[in-house]
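Both of the next two complexes hold subunit A, though its partner changes from subunit B to subunit C.
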Partner chain A sequence: MEKGDGLMALSCPECESEVSPPEPVRQHEVLECPDCRAELEVIAVEPVVLALAPEIEEDWGE
Partner chain B sequence: MLSVLLSRLRVEEKALLEELDRRHVAYEVLDTRTLAFRLDELDLPYQGALCREVSHHRAHYAARLLEHAGVPVVNSAAAIALCGDKLLTTLALRRAGLPTPRTLVTLTAEAAIGELPSFGYPAVVKPVVGSWGRLAARLSDDEAAQGVLEHRAALPGAHQHITYIQQFVGRPGRDIRGLVAGEEVLGAVYRTATHWRTNTARDAVTSLCPVDADLEKILLDTAAAVGPGVYGIDVLEDADGALYVNEVNHTPEFHGAAEVLGTGLADRYVNYVLDQVKS
Partner chain C sequence: MTGIRAGILGASGYIGGELLRVLLGHPRVAAVVPVSRRLAGRRVDGVHPNLRGTTELVFRSMDDVSPCDVLFLATPHTQTMDMVPGLRSVAPCLIDLSADFRLRDPVVYERYYGTVHTNPSLLADFVPGLPELYREQLEEADLISVPGCMATAAILALYPLSADGLLDGAVWVDGRIGSSGAGSAATSTNLHAERSGAMRVFAPAGHRHEAEVRQATGLEITMSATGMPEVRGAQVVCRGRLSTPLREPELRRIHREHYADEPFVRIVAQRRGLYRLPEPKVMHGSNFCDVGFALGDDRDVVLVAALDNLVKGAAGNAVQCLNIRMGWPERLGLAFPGLHP
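Entry: the complex of A and B
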């Protein structure tokens, strides 16, 4: 569940550079755009959709 | 079925989900950002929950709600509430007789300025809630303290004004991260950095830390003091090698430790979770 296989390269929603998610990719996984270094969240896996990941909040951590 | 609370899938969450997949454990990922609970209709289909939510407040309240519905959560809401607050954690550790750095607490930032000269430098001021060394500042003298504390006083949010200051302890640039699940020490690593903040989130390098009898005891006593669960316990050493418990992390990251200790960490983490939710 919540895993996608056989991925094609996608576009970074920030800079439109090519981003290749790992395989298999999971929903909520966070990737980094190799060009602009933006953090991207996998918000869907069938098909894979990337969005800018949320900014770190004050209470995030371990 | 197990539920897994999260909103950000880090290396640790991936490893844990892969471990659940490997064992063919049925689970559902619950995104805490979209959950809604109707308190009069809390009939949930979960045997238990693994909480890996990165936001302390969302983790705490999600765990409270699931427990209210009769779903056991690892870690428990009580453990999350306690360990997510550095002051409450320190009080619990001191109550249990564990060594902690000397600590100064004031309820406004301004009140700390007058106390620090007698408390002594260097000291470290930290938010009571927060992680990854964020907003932690080392205070070297009165001048530095005044500047940092005036900035803290200007921060929005009343809880930021609760001022938690520790004596700076340690061989600069190194601390110990011990991982504990229940009554088992999973392992320990040194975290070494050029910066005094040794969080792996700040690119500290990990190396194997032997778990001798003293370290094992302090780790297990710490876990006992905060209640059953899986913890990342940060321990400081002073120049004489004496150990002090610094912090207890209720949703521990272990990617740095796994590089040294191997991939069995997720396996043992999941063992503990499954044991807890079936008992």
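Entry: the complex of A and C
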């Protein structure tokens, strides 16, 4: 998908909100979803594929 | 200076103090008239020390109040209902922060407040002071009744799903509240030695605000409440069951559809960071209500909301209603974003 201003419109794999990375998009680049704030890694560039970046969970209650 | 004249009855309490703080900084309010039976003649900054250097105001007695454009009633539950008829000649618009005109049904009022409602014929004339649900009615309202702090949080947490008929059966609301919610009276409950560090389940079921949440959402609500070792803040965790299975992105979309244009509701349901769900700690002094969600197993859903109990839970919300009633921009006087850390 292309948008008129040169930004790409992608969907966050976590919350399905729109993510628009500035171009050019590079392999292994990490982006933040503006909505759910998940860290997203660019795992492919042609076409661009985003995946959740790995993270460490915190536990406040054990 | 042009602007309105705003009176505050019960201006010496914590909600009265917040009304003073917000109204003294409000660009369209030219004069604030603070009324206190107990402290008439004394300086306002004596009981509200945060206002030192910002005002020379002195509390007045009720006999001393000349007509105002709006009157805020930060007066006690069960006493305010007797005052309202006599106040209508003082100001054309009354904004009540007590509980006395929140519930439509006087029988329900009596059950939750333990006393007969003395002005039941006025109940239907009050518009609930909750802009997110009643904005259009507030534009014309002369009598406004601001909901309780935890009720506001719970209603805003539940509303996107309840309005769309997406909740099935009973909803349990677990409310947590800071000590300022208990008011400024020197009772034994409020002794530091008794209160400090306590996480007291003061209402294991049937908290008063549940009647308001039930009325606004139409849901079967049971509400518990716990006093937390904090001064400000209220948070609700609501557990219910979805009437139809939903995925998290769909929940997010539903929330966005309801709250996208709301100036004081933020959707907080994040995957990362320290503040993933609504948290009162970063909302002190702000008029925001943050709402968030999480899915459990099967169709279990958890809805969370947080606010400053004295601001969006009372005084700030009341001023937001005033802004709407006057046709002013809704954010006027309410732009403070809270503190971090």
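The rule is simple: the second predicted complex is superposed on the first by the 48 of 62 C-alpha atoms of A that agree within 3 Å, B and C clash if a C-alpha of one lies under 4 Å from a C-alpha of the other, contacts with A are read in each partner's own complex, and residues count from 1 in each chain.
The working rule: a contact is a pair of C-beta atoms (placed from the backbone, for glycine too) under 8 Å apart; a residue touches a chain by one contact, two chains touch by 3 or more.
Remember, predicted model here, so these are calculated numbers, not experimental data.
Undergrad: Which chain, subunit B or subunit C, ends up touching more residues of subunit A in the combined arrangement?
TA: It is B that touches the greater number of subunit A residues.
Undergrad: Considering only the touch criterion stated at the top, classify A:47 as touching first (subunit B), second (subunit C), both, or neither.
TA: A:47 sits against neither subunit B nor subunit C.
Undergrad: Using the touch definition from the top, say if A:16 reaches subunit B (first), subunit C (second), both or neither.
TA: Only subunit C is touched by A:16; subunit B is not.
Undergrad: One more residue to check, A:38. First (subunit B), second (subunit C), both or neither?
TA: second
Undergrad: Under the contact definition given at the top, report the residues of subunit A touching subunit B in one complex and subunit C in the other.
TA: In subunit A, no position sits in both the subunit B and subunit C interfaces.
Undergrad: Can you check the complex and tell me which residues of subunit B touch subunit A?
TA: Subunit B residues touching subunit A: 6-10, 13-14, 17, 28-29, 31, 54-57, 84, 127, 129-132, 134, 157, 201, 232, 249-253.
Undergrad: Under the touch definition given earlier, write down the residues of subunit C that touch subunit A in their complex.
TA: Spelled out, the residues of subunit C in touch with subunit A are 248-249, 252-253, 269-273.
Undergrad: Give the list of subunit A residues in touch with subunit C in this complex.
TA: For subunit A paired with subunit C, touching residues are 14-17, 32-33, 35-39, 52, 55.
Undergrad: Considering the complex alone, what residue numbers of subunit A touch subunit B?
TA: My answer: residues 1-2, 26-30, 41-42, 53-54, 57-62.
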